[in-house]
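Here it is, the structure in full.
The letters A, B and C name the chains in turn, as written, and every chain counts its residues from 1.
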């Protein structure tokens, strides 16, 4: 023991010059790395904050311009929202379509994910994967024409139902995928235990499975609401009358229709339309943590 | 009474987890299904519960043929290895769950849950969630939930395996006392032979979907019916040494032993003797295994001594258990002297000693 | 099994059927209005040969390739990984602010962010030109592709950042420490320890963001494909041709080609993914 200590001290006392120099460069490299990292993160923060500045300032500016600038504070701009005939109805439409799709997606995905998680079918995972890929392609744009045509033939053009069904169909594969992951993570002994006590499949689903995977259901619901809330293409294609269009479409028409854009209206509406998804995101990440589920780990 | 007749469970792919099995378990009996992992014991338990459907054969509980009944209508309660307590329900709700399924009014089932909980010293914990309980407490909640619905049969899947070593001993005693008090027919699965020996009234030792031996713990321990059971039962493995009958004596690993009953001349047999029935001598004897002490293991109140025995038939390891003040020094010569009345002889893996 | 049925019906009708129907519609001279709207005729593979020979389709395909390579693979995946790497084993306000801003860009509705970028890049009063002191520089007119590539990087980096963040947590610290003790530089640590470990995550991420970017319609709300089709990526092209221009049959044919390209893309990634599994086994 004492021998070892003496030896250690001897080493510290007589550090060879080369090693000292290397330690110095190591320290320099470390400092450079820390500075580089800080600079990079500052640049990233700036890049991502820059476009958002306008959204933070313009709604409260008495004379909003396109440039983001320190506002001459007012809340009068929000009054313009009430004057526009379409703004409030479009928010109502967004709520209707988002809620409808979320309910449909959560219920159907939960049922399907439960069954798929508990029943062994060969090729099940491959099938889910294909559906997932298909959904990320088809709901984008590739099926624009047939979906328009399908909605026309089913008399779903210019109806909320058409938008809800189309969006739900596209969201379902991913929802099933994510929920199945939650289900796979719950021990089958919960359900078997309930079965031995005589619970029916629906009782098991309602008493045991749904409460246990509630975080998953909440995640899916919020994700579905956020997707539908922000979706533009499907309602843009399927809806004709502005009275039925959701906020996303109305907002687009506000800044593309002729004449000089009403910046007070656009800025306040943008802010108002963004708030729900931001609040929901904060809610979910606070309550359940924003984790990655499904597919990703494979 | 539980009776199994020709019970077979074959999984897709042709694996027979349970293979044409017959078994009778008496009323009020505490019965262990013991075997190494993959021997089909858990599948058998789940088949009795109704969680698996048998490929063929019949199961009766009491006078009812339950083979085709769903689990909920067999009047059994099962405690799972991970206890399967519902994480979103508190202890009361967990214990009362079977009664909720039976549509017992809320007030009544909560009273019943509280009563069962107090019997298992859980009264302080009624409002807690499973996540806030220790392993031992979780196990008792699971037991309480099984007791609360007054089944005719309890099924326990590895009831002690999720507890740490010290808790396991306590829980063993507790479980045995509880079963005695309730006097409900209980079948439990374990891979730990000491658990089976300690708790069960009778044990079925299983291997590859078949029952190798059924008997009381003493029977199974003292007269294993096959070399498989012999090597599986006992904290220290039984000495199993090849022997041959010659000139009216049994020659085993250099030792010349008196001929046991049931064997004839010229036969090749396996000689079995537990290390506990082997004495150690420091002087040479002909009816003993002569060798060198290679390892001495401290078992607390005794020592397990391993001898390296070299003879015509090759090198063998012979083990003996000696009292705590009689341990030999490693490396020295020693003779392991068998106690003849305890010796067992196996031919083709089967017991021939009458 | 009855539990799966309702979901399958909805998926079948609104996902699988439209995908298949695209093939049939692509074989007709179906139009939004006029004679061919009432009674479309089968025209065989005419639409497909027309599309494959169409100059505008070629341009659009090439722009889409630039868009995917630039904004998804280099932009989102590259920047996302860099941020995740810079933020690894960091906590506190810096991490929360950076992650919050990146996430905000991802979760805001597309119509909102589209206008934010129109405002940012405005020729006369845009914040960017004000910052750079170059008034009158027409980003959207002179560099439409660059604009939407940077935009889509900004928009979608959050997903890659979070995915790589989660993946980096799966790299055991002991592995990195072993490499550091052996004197490996940051680059060597990444190459020898981190990348082999998160290869599966990287491929999955690349597959998803490539497909999403390939089919993304948000840039339509900024440039509508203009000026003169210089930012007309395939989704915008299909919209302009089929639903604006009314040539549904032709649009369906292009849709099917897009579907095929996506399928090939997916298969290539899956092949790479399987190769990884094979190597591990």
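Keep in mind that, in the parts below, a contact is a pair of C-beta atoms (placed from the backbone, for glycine too) under 8 Å apart; a residue touches a chain by one contact, two chains touch by 3 or more.
None of the values given here were measured: they were computed from a predicted structure.
*Asks:* Which chain would you call central, comparing Cα centres to the global Cα centre?
*Replies:* A
*Asks:* Ranking chain pairs by contacts, what comes out on top?
*Replies:* Greatest number of C-beta pairs in contact occurs for A-C.
*Asks:* If you average the Cα atoms per chain, which one ends up farthest from chain C?
*Replies:* Of all the other chains, the one whose centre lies farthest from chain C is B.
*Asks:* State, to the nearest whole Å, the distance from the C-alpha centre of chain B to the C-alpha centre of chain C.
*Replies:* 60
*Asks:* Could you grab the centroid distance between chain A and chain B? Build each centroid from C-alpha atoms only and quote it in angstrom.
*Replies:* Comparing mean C-alpha positions, chain B is 53 Å from chain A.
*Asks:* If you average the CA atoms of chain A and of chain C, how far apart do the two points sit, in angstrom?
*Replies:* 15
*Asks:* Provide the residue numbers of chain C that touch chain A in the complex, in ascending order.
*Replies:* So the residues of chain C touching chain A come out as 1-4, 6-8, 10-11, 13-19, 21-22, 25, 30, 79, 82-83, 86-87, 94, 97-98, 101-105, 107-120, 122, 124-128, 130-131, 154, 157, 162-163, 166, 186, 200-201, 204, 208, 211-212, 214-218, 221, 234-235, 238-239, 242-243, 248, 251-252, 255-256, 258-259, 262-263, 266.
*Asks:* In their complex, what parts of chain A are in touch with chain B?
*Replies:* For chain A paired with chain B, touching residues are 187, 189-190, 192-199, 203, 207-208, 211-212, 214.
*Asks:* Please output the residues of chain B touching chain A within their complex, sorted ascending.
*Replies:* 49-51, 70-73, 76-78, 80-82, 84, 86-89, 97-98, 100-102, 149
*Asks:* Which chain A residues qualify as touching chain C in the complex?
*Replies:* These residues of chain A touch chain C: 33, 37, 40-41, 44-45, 47-55, 58, 65-68, 104, 108-109, 111-112, 114-116, 119, 131, 133-150, 165-166, 168-170, 172-173, 176, 226, 229-233, 237, 247-249, 251-252, 255, 266, 270, 273-274, 277-278, 281, 290-292, 295-298.
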